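Naming follows writing order (A, B and C), and every chain is counted from residue 1.
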Amino acid sequence: MRTISVQKEDGNQIAIHAFPIDEVGANERADFFTKRSVKKDSKINALYLALSMCDLTTLEGADTPGRVKQMCAKARYPVPPEMIEPFLKKKKWGPIPSVAAVCVYPSMVPVAVEALKGSGIGVASVSTAFPSGQAPLQVKIDDTRFAVENGASEIDMVINRGAFLSGDYQTVYDEIVAIKKACGETHLKVILETGELGSYDRVRLASEIAMEAGGDFIKTSTGKVTPAATLPVTLVMLQAIADFHKRTGKKIGMKPAGGIRTAKQAIQYLCMVQETLGPDWMNPHMFRFGASALVNDLLKQIFKEATGHYYYDKVFSID
Amino acid sequence: MNFEYAPSIESIDIVKIDPKNKLFIDGKFVEPTSKKFFATINPATGEPLAQIADANAKDVDLAVKAARKAFPKWAKLSGKERGRYLFRIARIIQERARELAVLETLDNGKPIKESRDVDVPLVAAHFFYYAGWADKLEYAIPGKDTKPLGVVGQIIPWNFPLLMAAWKIAPALACGNTVVIKPAETTSLSILLLAQIFQEAGLPEGVVNIVTGAGETGAAIVNHPDINKIAFTGSTEVARIIQKAVAHTDKKLTLELGGKSANIVYEDAAIEQAVEGVINGIYFNQGHVCCAGSRLLLEESIAEMFVDKLKNRMEKLRVGNPLDKNTDIGAINSAAEHAKIMKLVESGISEGGEYFEPSFAIPSKGYFHKPCFFNKVSSAFSLSRVEVFGPVLAISTFRTTAEAIMKANDTQYGLAAGVWSEKGSKVHKTAAALKAGIIWANTYNKFDPSSPFGGFNESGFGREGGRHGLFPYLSIK
Amino acid sequence: MSGLNNELKIAKTIKLFIGGEFPRTESGRSVPVYLAKSKKIYANLCKASRKDLRNAVTAAQEAQKGWASRSAYNRTQILYRMAEMTEGKREEFIEVLTNTLGYTKIAANKAVDEAVDAFVYYAGFADKYQQMVGAVNPVSGPHHNFTSSEPVGIVALVCNSKFNLGNMVAQIAAIIASGNSVVTIMADEGAATLAPLSEVLATSDLPKGVVNLLTGDLAELHSHLGTHMEINSLSYQGTNKKVLGELKEMAAGNMKRVIPLIAQKDMLSLDHLINYVEFKTVWHPIGN
């Protein structure tokens, strides 16, 4: 099997296997999870779980403190508790969880940190010249340090796709190591930008490099490129995580981002995680959804389950 | 958190099962001469579903007479007109798809997910495919004018009741033949619903006749003097009896029999997809598949890693109520089959294979069996040679391409084989050397009406599907 | 039925059929169609311009890749649905044929039968012809060698000036069965059938742009057809030798395949269909 070789910081060479993936087979296996039928109490569990795994995201050039504060309010209370309390009481369900984290640009980190004080919700910051990653390494390190120093609890970096696609895996590896260093104790998610990589083989290889280099999570996409997250791409990454765990004992988290808009899709992903990695990954510490619209669809479905009929989104805010 | 799937049971309200099911002869449902009926069981519960008519030699004779009477008119129809009937039937199958799928699951035990997403769509597709051939028979054999054979007798098995009916009936009718067909005695209900669809489509009386029953009914068909051709899908043992029985007659014969197909996984395979392919190859349809990949040949260098992944994957399979949409593996079709599988598993253990079964529980009511495998099986074990026809995999290793080919061919069967490698030339070389009628490279259990299916050696002769599927139903003018 | 008398009945507007939609000609021009043997106008048809033609080719281009990548089975289903829709619109076809061409009811019914037959015939061919002209070739040497067929791409179809519904449908069906898209220039005679035919196409799950129907003056359009570099094949089903020669000459610009008149007896046949495919042969070593 083809292997690539990278040199670690300590000078040792490691061989990273380039596992071949058959695209047709991977697509078929992923499709299998769309046939799972999650109903009744397993559906409510799934909806709650998915909500608790969401990273509410705004990454626009037009973001302002006002915009971000608004989103943070929604992150705390996706739906005003008084509006949903009667339904939950009737069904004897627990309170609606808040989302796992918000995800913003470094410049907005201070605003988010302030707005979410005391909530337990994480502030994830993109960095490394997100989304393109086309900048000198020092800029990317500074980008990261700024976010960390201003209170980000998680960093979402992008890999150097130019280096990857030209076969310069050493650079890809080194950059992740450098950013991990700049993170210190802060959690690092490595965005592979799967939509630019061109094949599942490459997604697998990029996953391996990211995990070997010290990433805590591997993430599909920036959300700025189509295709973003898909079931098969996520499957390939989950399988890479499973093998890495077998080899090293380390559990790496996973985050599909972009393109997951409906509760139905989110539940399919949960089935896939459950059946590929198992219960240890079925929590927000190990799995996240990079989403915005998804939160409201999850709420809509919760209301549907509570009332028994198709609901509308007028009981909670759009943003 | 433990993410369980709540039961998601498909409703059976859509199906109306007649408590007493008659024979279908000359376009009508008629009582059996003997007035005898037998029970058909739901293998998921062990409970009877309905009574099925028991056709004797007299009934078979009536059916053949009806088919013979209908033949000249049916054969004289233009291909275009025959095609119209088949297109109509295909459309109605699509419209009543859910009804057919639920009935199939109740009587056969296969998961509703399979009957709904695999079996019934393929059934419609077969009728569509052969409908389009009916008026293009001039292209069946280049330069030759063809004609139908006459009345064909067809005997089909219980593992894919509707699909086997489609594989037999569609090409026979497209070519202008008329049919007398016997479903397996444990799965007669869905073909009787198909008969209602034939009526709805206005198929002329006598073109298809259905005689339900067991071995004696089958023998009556095989031995009937006014049948021009026999098509049989089932076990090699029964096929031997049939082949002898027709030896001194002019009856044409095609057989689609058992297999002990090898799934070869080379070290340079796409491993995750190969694992899925192996699982699908032997556990799909509870292993009741003639072309099941029941032998796994692993290149030794990846054997341990692969078997580990297999075990992990098997732990995630869901065995249970076939009507639950989340069920992956349903019930074994009958008590008899269940006993047979258990006996073979016992003998495998006594022979010394390393047995593995997943840790989850399976239902105690009904006939269920865990998907399982025997590791480190030698070619000399009976498990490497005898068809189990159940969810039991025999695993052994090889070290070179030549050895893999030799081991894969080391069987009296020759129905299918799987080859897993990312190296194209090796896939082609292996495929060229394997003595099997269907080679699945980097995939398994793929079926299509346009793809010819059939075996080498003792897995039978003749092909079903594709242009080649016409040959057994035509003769040269 | 409304209580209004015939004078106030709402007449159908017959527009072009391009990209799955019904635009008027951008030129705003029209051509009257008369009731058979009368001076009374039945309807005004659009007189397509070269810009309409250009738009139709663009629509055909956008649609072709997706259409070709559908499974053959899917194309079978869609063509069969066209037969279903045509049968459902029998009365409308009869109305057009009797009113504008003076067909008898019997002749009109026969024409509809032929159209239905043609759709069904090619529906049944879409997943068969590959097995008749494809091959595994017995090359000497350790190579797996196979020939398969692919659609040529975008076909411009010029219909015969002598109208025949069954033939036109057969020609369109033969072209699209293998995954081509088509821009059809209908003849003047019978052009009013564009209305029910386009509705059949629009209600059969056919992707937008796979079939485009234009009515207009062939003499005005034919040089644009012949020289358009994005048309891959020209099917000239007319009988004018001079026009055919000119089209063949213009076709040299991008080596268009030019398909001349297909005989009546070959209207439903394998050889008709394979006019619109290319053959690709692949070699692959067989070795360890």
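Worth a mention:
Assume a residue touches a chain if its C-beta (ideal position, glycine included) is under 8 Å from a C-beta of that chain, and two chains touch if they have at least 3 such contacts.
This structure is a prediction, so every number in the text was calculated from the model and none was measured.
Comparing mean CA positions across the assembly, the chain most remote from chain B is A. Of all chains shown, the one whose average CA position lies nearest the global CA mean is B. Distance between chain B and chain C, defined via averaged C-alpha coordinates, is recorded as 41 Å. Centre-to-centre spacing of chain A and chain B amounts to 44 Å, using the average Cα coordinate of each chain. Measuring from the averaged C-alpha position of chain A to that of chain C gives a distance of 49 Å.
Among the residues of chain C, none is found touching two or more other chains. Within chain A, contacts with two or more other chains are made by no residue at all.
By the touch criterion stated above, chain B contacts chain A in their complex at residues 1-8, 113, 117, 267-274, 276-277, 316, 325-326, 422, 442-443.
Contact residues on chain A toward chain B in their complex (touch as defined above): 1, 19-22, 24-26, 28-29, 35-43, 45-46, 49, 239, 270-271, 274-275, 279, 282-283. Of all residues in chain C, only 72-73, 76-77, 80, 117, 120-121, 123-128, 130-132, 144, 270, 284-288 touch chain B in the complex they form. On chain B, the positions that touch chain C within their shared complex are 80, 83-84, 87, 125, 128-129, 131-136, 139, 401, 424-426, 428-429, 432, 449-450, 466-467.
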